[in-house]
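Below you'll find a set of structures to go through.
One chain, subunit A, links the two complexes that follow: it is found with subunit B in the first and with subunit C in the second.
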Partner chain A sequence: MEDWRVYKHPILEFERGKEVTLYLDGKPMKAFENETILAAMYANGVRVFSRSIKYHRPRGFFCAIGRCSSCMMEVDGVPNVRTCITKVKDGMHLRRQKTFADKFAPFLNLLNLSPLAYNRMFTKPGIIYKPAMKIIRQFTGQGSFSKKIEESGEEIMGIDDEFSTELLIVGGGPAGLSAALEAGQRCDDVIVIDDKEQLGGQLNRQTHMFFSDVKYAAGKRGFKLGKEMVEKISKLKTVRVLPKTNAIAYYPMENKMLMLRSTDRGLMVKAKKYIVAVGAYEKTLLFENNDLPGIYGAGGVQTLLNIYGVKPGKKGLMLGTGNVSLIVAYQLLQAGIGVEAIVAPSFRRVSGYLVHAAKIRRHGVPIITRHTILRALGKQRVTGALITELDEKYRPIEGTEKRLDCDFICMGVGLTPSYDLIQLFNPKMVYSSELGGFVPVRDMQFRFAENAYIAGDCGGVEEATTAVLEGGLAGLYAARSLGYADEEVSAKIDEYEHALEEDRGSPFSSDIKAALQKITVENIEEVIK
Partner chain B sequence: MKTIVCRCHDVTEEDLEAAIDAGYDDLETLKRISGVTTGHCQGKFCMLHSLDILARKKGKKISELTRIRPPLDPIPLGCLISLSKKSI
Partner chain C sequence: MQDEQNAAQRGYSTREELQKSRALPPIEKVKEKRVCIIECTEEIPCNPCVQACKFGAISKEGLCKPGVVDWDVCTGCTQCVAICPGMSIFMQRIEDGKGYVTMPYEFLPEPKIGDKAQLLDRSGKVVGEGRIVNPTYQAKGDAYPRWVVTVEMDDPELSYEVRAIRILE
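Let's look at the complex of A and B:
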């Protein structure tokens, strides 16, 4: 079997650990203990992880950060496990999820029923509705439960099921880590939670240097910065880190957050203040066959390639000319993977930094603007793409279709802030296209609810450096409001505020700055319902 | 050939357009008839697209967001049971 791992990389060294064996539908596969299930399967050339619920279409992964849920499989008898954030174990049994309903999917596909039809089926006469539903229910659902009842999860050292803390930070990316660092030096009890095993978020997959001359991050490669921050935090006795823990709910009335350990254990936390730094996830594009295995988010490709050292394919097509897609295209080239072209509908030459674009052109990769993708080609996985030219009103011009050969397509069309946890705090949500999506109205101290602060990409999509600065500030603001106010804190806040102002000073950030000003208010109490 | 808006529940662009034409023209009713934003990912990837399609069809700007309810991620029932045992 072909091995898709990268063994020689100019910047990165992959610590894969010991070799283990996995079983996919009974067949053994070689894997390494530091890999996720997703990375291990990709390294072994497996591309189809499951079938979709209604049309029975093949599904691979998209985001690789545990958000999109299209990589779910049955792992050791447990259905719907997100393989992209679950680490492998020796002798693990994986199964592509199959249910009773799957057998009928091809026939139902032929009927091609719209959801409207499904909702009106068997509703008249009233007498057949109940018995018909009983039968139809058998045809639905994804995966099936094992007959064995699982023991409840392992105890976590030193933490009860219900506990309270001063400050709870949700998200261990650049903003969350930076907040934990600043708050941890001042407060008595800080908890950081993250749904992955390794903290660092987007920093872990960034191999490029940060441009900004802000002294907190300049000239460092992202993954090194992340490691440094995690190390510093581990030295602080006041900060407890809970990896593999999701924030599931927040109840404003009871002021509690329910969390989950990956080993089936529920936790309840009551914190005096919350910092929400849940980051952002990728936007998608609508085109025909946009769910084929081989169509990924740019961040997903970055994760697979830079963290686990597994190639997503042999030759890719990149959509979008923002910084993310330019950087990812360059990183693909670094790892020895071909890039067919970079395609974008915009009329500007590139929307990212020209330095990145120049690097890519030097490698002979064409940047095709005024074009958009029409359709992904292929049945089980991507084998090519059809692109077309656009006129001034962004309508496709007929007869300009062109076929490009590639075995994966990477969408780098921007990020959208993660809004779900934020919304549970009942803030006022506003749509802002400059900031990527729905963001809460906040005050000058990043407060968007009475007891919660926002920091990083989830408050408006920017860069890792701004996330670090915002996180630090949020940590300091929270510490100050918790009663740890002294001259040193005020001086540090001034320093950070100045650095943030400087970082947003470039003309690139003027739109973002204006958008942020629009959603920042003097008095947050007036805005919250 | 299909353009998928919601990967979790296999909702296509045409499905949504048909539903909007049939009168389900706000997100709350649209999600109840088509299943969009109610899958495993809880609308992380289809929310903006369905709002976009709604806005385009009705000629309005994107403004409302659907109501988010816990749990934000799929969780095993055992996790809830372990908590409820404590509180009883």
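Let's look at the complex of A and C:
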């Protein structure tokens, strides 16, 4: 079997653990400790993880960071496990869900067993519900627990721990880490949580050097920057770091936040102040066949390739000309993977920095502007793409369709702020296309709710330096309002505010600046009441 | 169509465009010594090159303005090539009828003295073959490990065009 792992890379070294054996639908396959199930499957050439409920379409992965639920499998008898964030263990048994339909998929499609696809059917009378449900689930459902697990009768999650703190920071990306660093040097008791095992957020998958002022991040490779910040924080006795801890709810009446630790332990924390720095997730694009395995988010490809050292394919097509897309294209080339082209509708210019575009142009990758993708080709996985030229009104020009060869398609079409947790604070949410989506109205000190501050991409998608600066500021503002106010704090705040202003001085930031101004108010109390 | 494109649509600036914006050093300088070329023409917030130059040859009016080189002061030390996050700083030299381009290199295989390499221009077109003369691995404090590679080419004119290499194994 072909091994899709990268063993030699110009920048990265992959720390693979002990060799272990997994069983996929009963067949053994090789994996390494530290790999996610997703990475192990990909390394072994497995591309279809499950099938969709209604039309039995093959499902692969998209985001690789536990956000899209496209990668679910049955793991050791537990259905619907997101394989992209679950690490392998020796002897693990994996089962692809609903893939019994593999052979019959076209036939099932014909029949279109759609009524069975709805759990609403056969709910009355009550006596037929249970047996009917069993049959429906067999065919189409999202799986059921194995007998063994059901009989072991494990408790439904309760709250295992409860404590209070001065400041709780949600999200350990550059914004959250920077907030923890600044607040931790001043406050007595700070907690920073992240749902990932490793803190650093987006930084962990960046192998390129960062721009901006050398004082903050520039000239360092992203993943090193994250590590450095985590190390600094670990030296602060005032900061507790809780990885693998997912904030799932906030109760404004009690001012408490509920978290899930390592998927099965409940934790309730009451904090005087909160900083929300949960980042952003990837947008997707609408086109025919866009759900085929082999169509990924650019960030998903970065995770697979730069963290686990597994190739997403042999030759890719990139969609979008933003910095993320351009950077990922370059990273693919570095790992020895082909890039067929970058396709985007942009008329005026590539939307990212010219220097990033130049990096891939000089390695022979064409940037095809004024074009868009019409359809992904292939039945079980991507085998190509059909693109078309666009007229001034972004309508496809007939007769200009062109077929491109590729075995994966990677979308770098922008990020949108994560707002699920933010919304629970009852802020005033507004839509801003410049900032990437829905964002809360905030005041000059980043306060968007009575006790909560916002920082980084979740407040408006920008980049790492602004995330670091905003995070640092949020940490300082929070410390100040917790009573840790002195001249030193004020001076530091001045320094950060000035740096942030300067960093947003480029023409690339002018729209963002204007958009931020629009959603920043003098008095947040008036807005949230 | 391709010709009508400007740099921002194409994804790179041409030699003519760079010449116009005075990014390329005068020929006397290139013949006198190895000097740096900054092919970074947009306003982006970035300044590692300014800090990296021990001789103060690179200046910027503000964090976001493009860097400007003083070719009288530049010693060709390559520190800026090693640190530029945009990989947009190169060095050029013409000597004894041969052209030399120094560039950052982040690919495999690792470069060795004497290696043959395909020469690629700004659009990725192969424009000739050259030899690697002086690869150095720059890993200051291991914040930015990167190879800085100088290639020699027989046609000195090519040193205005070559911006990437593909090492032939």
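Basically, the second predicted complex is superposed on the first by the 471 of 529 C-alpha atoms of A that agree within 3 Å, B and C clash if a C-alpha of one lies under 4 Å from a C-alpha of the other, contacts with A are read in each partner's own complex, and residues count from 1 in each chain.
Everything that follows uses one rule, which is that a residue touches a chain if its C-beta (ideal position, glycine included) is under 8 Å from a C-beta of that chain, and two chains touch if they have at least 3 such contacts.
In this text, all values refer to a predicted model and were calculated from it rather than measured experimentally.
Colleague: Could you figure out whether subunit B or subunit C reaches more residues of subunit A?
Modeller: Subunit A has more residues touched by B than by the other partner.
Colleague: On the A-aligned overlay, A:M209 touches which partner chain: subunit B = first, subunit C = second, or both, or neither?
Modeller: A:M209: touches subunit C, not subunit B.
Colleague: If we overlay the two complexes on their shared chain A, which of subunit B and subunit C does A:L333 touch? Say first, second, both or neither.
Modeller: It touches subunit C, and subunit B stays clear.
Colleague: Tell me which partner A:R349 touches in the superposition: subunit B (first), subunit C (second), both or neither.
Modeller: Only subunit C is touched by A:R349; subunit B is not.
Colleague: Just subunit B (first), just subunit C (second), both, or neither: which does A:K8 touch?
Modeller: So A:K8 only meets subunit C here.
Colleague: So in the superposed three-chain picture, is A:A358 touching just subunit B, just subunit C, both, or none of them (first/second/both/neither)?
Modeller: Touch partner of A:A358: subunit C, not subunit B.
Colleague: Where does A:K224 make contact in the superposed view: on subunit B (first), on subunit C (second), on both, or on neither?
Modeller: A:K224 sits against subunit C, while subunit B stays out of touch.
Colleague: By the touch definition above, which subunit A residues appear in both interfaces, subunit B in one complex and subunit C in the other?
Modeller: none
Colleague: Provide the residue numbers of subunit C that touch subunit A in the complex, in ascending order.
Modeller: For subunit C paired with subunit A, touching residues are 6-13, 39-48, 51-52, 62-64, 83-88, 106-108, 110, 120-125, 142-145, 163-164.
Colleague: Could you list, by residue number, the parts of subunit A that touch subunit C in their complex?
Modeller: Going through subunit A, the ones touching subunit C are 8-11, 208-214, 218-221, 224, 333-334, 336, 346, 348-350, 353-365, 367, 369, 465, 502-509.
Colleague: Which subunit B residues qualify as touching subunit A in the complex?
Modeller: Subunit B reaches subunit A through residues 1-5, 7-11, 13-15, 18-19, 22, 33-35, 39-45, 48-49, 61-63, 65, 68, 70-76, 78-80, 82-83, 86.
Colleague: Which stretch or stretches of subunit A touch subunit B in the complex?
Modeller: Contacts found on subunit A: 52-55, 57, 59, 62, 67-70, 72, 78, 80, 114-116, 119, 142, 150, 152-153, 161-162, 195, 246-251, 258, 260-261, 264-266, 268, 281, 283-284, 286-291, 375, 416, 418-421, 423-424, 429, 431, 437-438.
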